[in-house]
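Have a look at these structures, which come just after this line.
Both complexes shown next keep chain A, but they swap its partner, so chain B is in the first and chain C is in the second.
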Partner chain A sequence: MISAPRYHLPTGIRSFLLLLAAALLCLPFADIEISNRSPWQEFAAMAGGFFQPTLLPFDELIAAIAQTFSYAFLAVCTAAVGGLFLSLFFHQLWLRSLCAAIRSVHELFWGLLFIQLIGIHPLAGYLAIALPYTGIFAKVFAEIIEEHQSQAVAPRHSDRFSHFFYAQWPQLLPHFRSYSLYRLECGLRSSTVLGFIGLPTLGFHLETAFMQGLYSQAAGILFIFYIMIASLRWWMRPTLLPLYFAVALFSLWGQEGLQLSLASHFLHDIIPLPIRNGEDINGILYWLSHLGSTEIGPGIGNTLVVTQIALLLTAVIALCLFPFSSRQFFSLPIRFSSHLALVILRSTPELIIAFALLLLLGPSMLPAIIALAIHNGAIIANLISRHSHQITLRLDASKGFHRYCFEIMPRIYGQFLAFLCYRWEVILRESAILGILGVHTLGFYIDSAFESFRLDVAVILIAVSALLNILVDQGSRQLRHRLHLRSTPQAQRNK
Partner chain B sequence: MISKLSKTLLTLLLCSTAAAETFVFTAIPDADETRLNARFSKVADYLEQQLGVAVKYVPVKSYAAAVSAFRNDQVQLAWFGGLTGVQARRLTPGSAAIAQGAEDPEFKSYFIAHHSTGLINGAQLSENIKGMTFTFGSKSSTSGRLMPEYYLQQQFQQSPEQLFSRVGFSGNHSRTIALVQSGSYQLGALNYQVWLKELAAGKVDLDKVSIIWTTPHYPDYQWTVRGDVDKRWGEGFKQKVKQALLDMKNPELLNAFPRKAFVPASNKDYQAIEDTARAIGLLD
Partner chain C sequence: MTPSPQPLLRLENAEVFYQQQRVLDEVTLELHQGERIALLGKSGAGKSTLLKLIYQHLSNTDHRVGWVPQQLGLVDKLSVFHNIYMGRLDQHSRSYNLINLLWPRPKHVEAISKLLGSFNLDQQLYKTVSQLSGGQQQRVAIARAIYSQADIILADEPASSLDKTMADTVISALLQHSEQHSQQHSQSCVIALHDTQQALAFADRIIGIQQGKIVLNDHPDNITPDQLEPLYDHD
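Right, the complex of A and B next:
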């Protein structure tokens, strides 16, 4: 019997269809509407401000820049060292789970928790970045090490320590360095965003200016921030590390003592209310089911809807934008302006983009979805355009659209999917944050719980969003394995 | 120089009990957050002069942060809204409301609407608001959330989520005006003082946004002080603080709040606020 050969769609196409299906499935549940009728006055004010930036008073500006840098630098440095250490033991299941748990909570929520635990103190801001970043570094470093295991050649009988430092280290270092630099950019973003909850960084002034409608001032702060990010590769030199470390330590040092007495408040407050009131098991179950039906259920639903649609849109934006930054398509002037545009798109905090869109489009999930997609799409576009530079084409390779479809896309597609999987959990984490806009994601309910001093509810909701994150992380890991993608985009990028 | 400057800013922004001899106060960031330092440092100077101890003002970023700072003893005196004051006093046993603005016993909120809704000012809210979009101010605001939500429930027997097609939280009162004026939301509710102030400053376009309803009176803002200040700054310190606030006559200082004068207040003046918050489910 001869049976007809069964045709399988390529895994890449299948995965994209999966992504499309997931987003389409979410669409009926998405609260998407353009309801604004006269946005132009406010929008014109915003645009006017953007083209006429004004700077903060010099001393405030310098202080804010120093703080933004210091939190990011100290947290990323220590997280890199801590993560490297942990990555050596990453085969332990408990350690992997622990790292997954700490990185699944967004910096902003870590910040809010630490402020409750130790008061408004620089250490709270530092830990809010350093803790989740340690989990991220441990994971990524462990994966980089794993991928280079086989290439390391060392004399037999050498101990594990020597093997690591003499045979592996020299190969790993460039990857560690390039990833750490990327993380520092993320760290600067995080320390800025933490300004929204009170850290004296650029974000503190940015939020104030933006919320008051002082768009010129907001634009001035954003431009400073863009310059910091765009010039990162020039000013972040290995030889200058000790100097930066000293400056960062110095500008955060000298604070008054910690209030460890707050810990007892905190431990009391996170005990669920019915237990504190001495209610029986029925009371506890009733409380939990009420929380489940009013906040956890709708929160998870809305978070997933926003995430899946934003993920699809992220993919589309990334694929549309990357050619403009790629050497395979455009000449230097266009690439340079595209590079700048990507810096602006990915460095503007999503909250700011979302607020601008809220004014323009009116309230719905739409501003949140577009803001997430723009931010993450620009990040992926930047990464794949750099990846495309490593492709060598034949001299007579086709040009323009044909080159895009038949030369470049097939070669970068796997890498693109790897980045997209990687951003999946990031988008999920960040969609929780945009709840602050009034889109009822988990983040909206977490923010409400902190506002009404229901730390018991806040901690439960944070745990739920962490769990959701871990599930998505597992899902994207499985997908990557099925597609035979390298698990770390950064590691592959440098091949 | 960088570190010196940043330290100056840090000490302004952050503080803790180690500086026990400095008496620290804050205010909820309810409207114009810029130049908070400039406005309130004059109040700090005045209090320093009256009390004979070092007084410092620290700005905070959110209503919840003001309450946290008070509870954590990072500030000992705070200018709270009705609801944040109740929250703070519940979390900080022994603390007391000591003074309120002359306007605060009879505070009110304005409901405002974008002109495209066709709504006009009336003795009660129109039935036509059902299904429109609506924004509160901050989640913990008394005049921008608690009382508007309470009066909506009174009139329509429905929660705002059931009543409106969309309910947002703009973050503060000025932002509520901006969002309704731009048409992002059709309706909003806010502190009447902030409306009047923004109107006087020319930031409100009455062709685009107007008042459609004024709520009945309720008690709002007040000064709340921690219970342990007498122990730390000497017997009678709480009374001295209260007197200093009541004696504040300089319009420039009072304008920072903005109030005509301060009058005595006590915890029980805010019982109604606490009951309302509990009825709405904002307090357990």
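Right, the complex of A and C next:
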């Protein structure tokens, strides 16, 4: 009898089991009831609307498209320039921390804050996107620069800026351009969802149409949105940038609604109530503990419950869907249809999917979980199916199920886990945000605090949400490090 | 072992084109069960193409083919055990294979450990292929082909990245296993080799290829060094 070495379950599988255990542990705390008694009837009405899309009146449609584009375009342009500048100093800890803090707050939360600060005005929408995107650009550009640092041939004794622009810039430009284009796509999505908090973008009309049961109109708006995203690479040309800049400025310029007087109220109201009332430390502690037990605690708990279940479901959806888009498994017609479906699912913001599901299934965590899983699962499926195309199989490679388990999965599994780790933080951010639809995550309590003009509570809850994001980001980073997963801008770009 | 009269495969005037260039030219060839054939020829002569052609023909029949490609085709992130086990995937159900992927069954562990012992790799059983050296990976690729219980093994320079001693050990192990297997199934071997001495030592038949054509096809005893020399002549 030969004594064989002891078998240990591979680390990748163990981490997946850990993910499964975390989701199962969260399940008893999840409210996943279907409260709508006739979801199929609603579904039939929605599906009917999608087969007969109608458009908004022309002037309203053009205005909504112009607003959606303008917020995204101006914000991404300025964030790219600001991010590039900051990336040159990104080695400084304070700057890294500042960027981590501003990007950990979701655009919608920034939007809610700026609306309180200056009213419903284009500037609020622009800043809501530009600010967190500057933090993201700074981080990703710094990573791209770092990745190409060793390849740069620098003239001796050149200063930092000369070195950057002469030795590195030509190599970096294609990467910056490609990432900026991707960020513009994200910007269009963010700009659209800002409509859900009152800014007049496509999302505003979409929400109104859904609320009024005008599913044909909702479908028409969504199709316009898909066309904008899908055709981005054709109409976004460097030579047309000045024209787009002029159009964006023109469409936002001179709009009413700027209420700078709100700023003084805002700055007053964000001071915690017991301090404003001149209470002592006991009063402040009591206020904080009450806030902790009634809003912060339940908000964090529900956000984590939604996140962990959605993360597991994301993984399952990604692993089930990617073969349909991979040339290792299916022929062109199936791959094309699957790719189209994945692009549509990943282009649709979670908030919109969740909103439609909420109407369909009724209020619970279920719409949020499914929306997060579908959107993020489609993104990961798309990425790993592309990754699978790089694999060259041997002549006698097995087919079908065996090919999936033995040939492809082991080769893509590391990359899959890396993408899943990246999406963990994104899913957490989105879980919190979906609270504004009524799911009791942190966003719900933040939205309620804004509605009842408790700005001090809203700001504290946003800070808690940001902190949670930073913690999960750190956790994900450590997990990737422990699993020796690739952590480069290429993967980060897909955040 | 005497080859059976019934040919395993017959190729007649086979031609293969790659990017409008003829890489195999009017190849006529018969393979018999139990034969050990060495393919000789310099790089680019057409050995790999001929092996692939043989594989394609045999894969359309009921014969089981053990394939050792030049690039090895192992799954880097999978353990040595699982890479070898993949040789017999088609002999078990999907669920059985899936369970074995997550938790290896003792009977397969024992069989594969024993096989690896003859390649001095038994302690590497659960290491991933990426943790092995090039030479060790080459041995794993051969072990996989042997484990597949194939009727014929097609190997494309299976000892190319091994030193002389290890190359001899590996080829001997391959033949030894082939011989053991042949007692029941008449296993055949077609191996592309660079080393003419190795070829002469183990093969029943030597096939020499030059510029896509078979220029030599005979028993080693009938071949003179003068006939072998042009096969590795440099232009």
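The working rule: the second predicted complex is superposed on the first by the 423 of 495 C-alpha atoms of A that agree within 3 Å, B and C clash if a C-alpha of one lies under 4 Å from a C-alpha of the other, contacts with A are read in each partner's own complex, and residues count from 1 in each chain.
Just so it is clear, a contact is a pair of C-beta atoms (placed from the backbone, for glycine too) under 8 Å apart; a residue touches a chain by one contact, two chains touch by 3 or more.
Please read these numbers as outputs of a predicted model, since none were measured by experiment.
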Name the contact category of A:Y286: first (chain B only), second (chain C only), both, or neither.
-> neither
Examine A:E207 and indicate which partner it touches, taking first as chain B and second as chain C; both and neither are also allowed.
-> first
Chain touching more of chain A, residue-wise (chain B, chain C) | B
Applying the touch criterion given at the start, work out whether A:Y166 contacts chain B, chain C, both or neither, answering first, second, both or neither.
-> neither
Inside the complex, what are the residues of chain A that reach chain C?
-> 1-2, 4-10, 13, 392-398, 401-402, 405-407, 410-411, 413-414
Which residues of chain C touch chain A in the complex?
-> 52, 55-56, 59, 65, 67, 69, 71, 73, 75-79, 81-82, 86, 89-90, 94, 97-98, 101-104, 109-110, 113-114, 117, 122-123, 125-126
Residue ranges of chain A touching chain B (in the complex, touch as defined) | 31, 35-39, 41-43, 59-60, 62-64, 66-67, 70, 115-116, 119-122, 196-198, 200, 204, 207-209, 211-214, 247, 250-251, 254-259, 262, 265, 273, 358-359, 362-364, 437-438, 447-448, 450-454
Per the touch rule above, chain B residues touching chain A in the complex are 1-3, 5-10, 13-19, 32-34, 60-65, 67-69, 71-74, 87, 91, 114, 116, 133, 135, 138-140, 166-169, 171-172, 174-175, 178-179, 181-185, 205, 208, 282-284
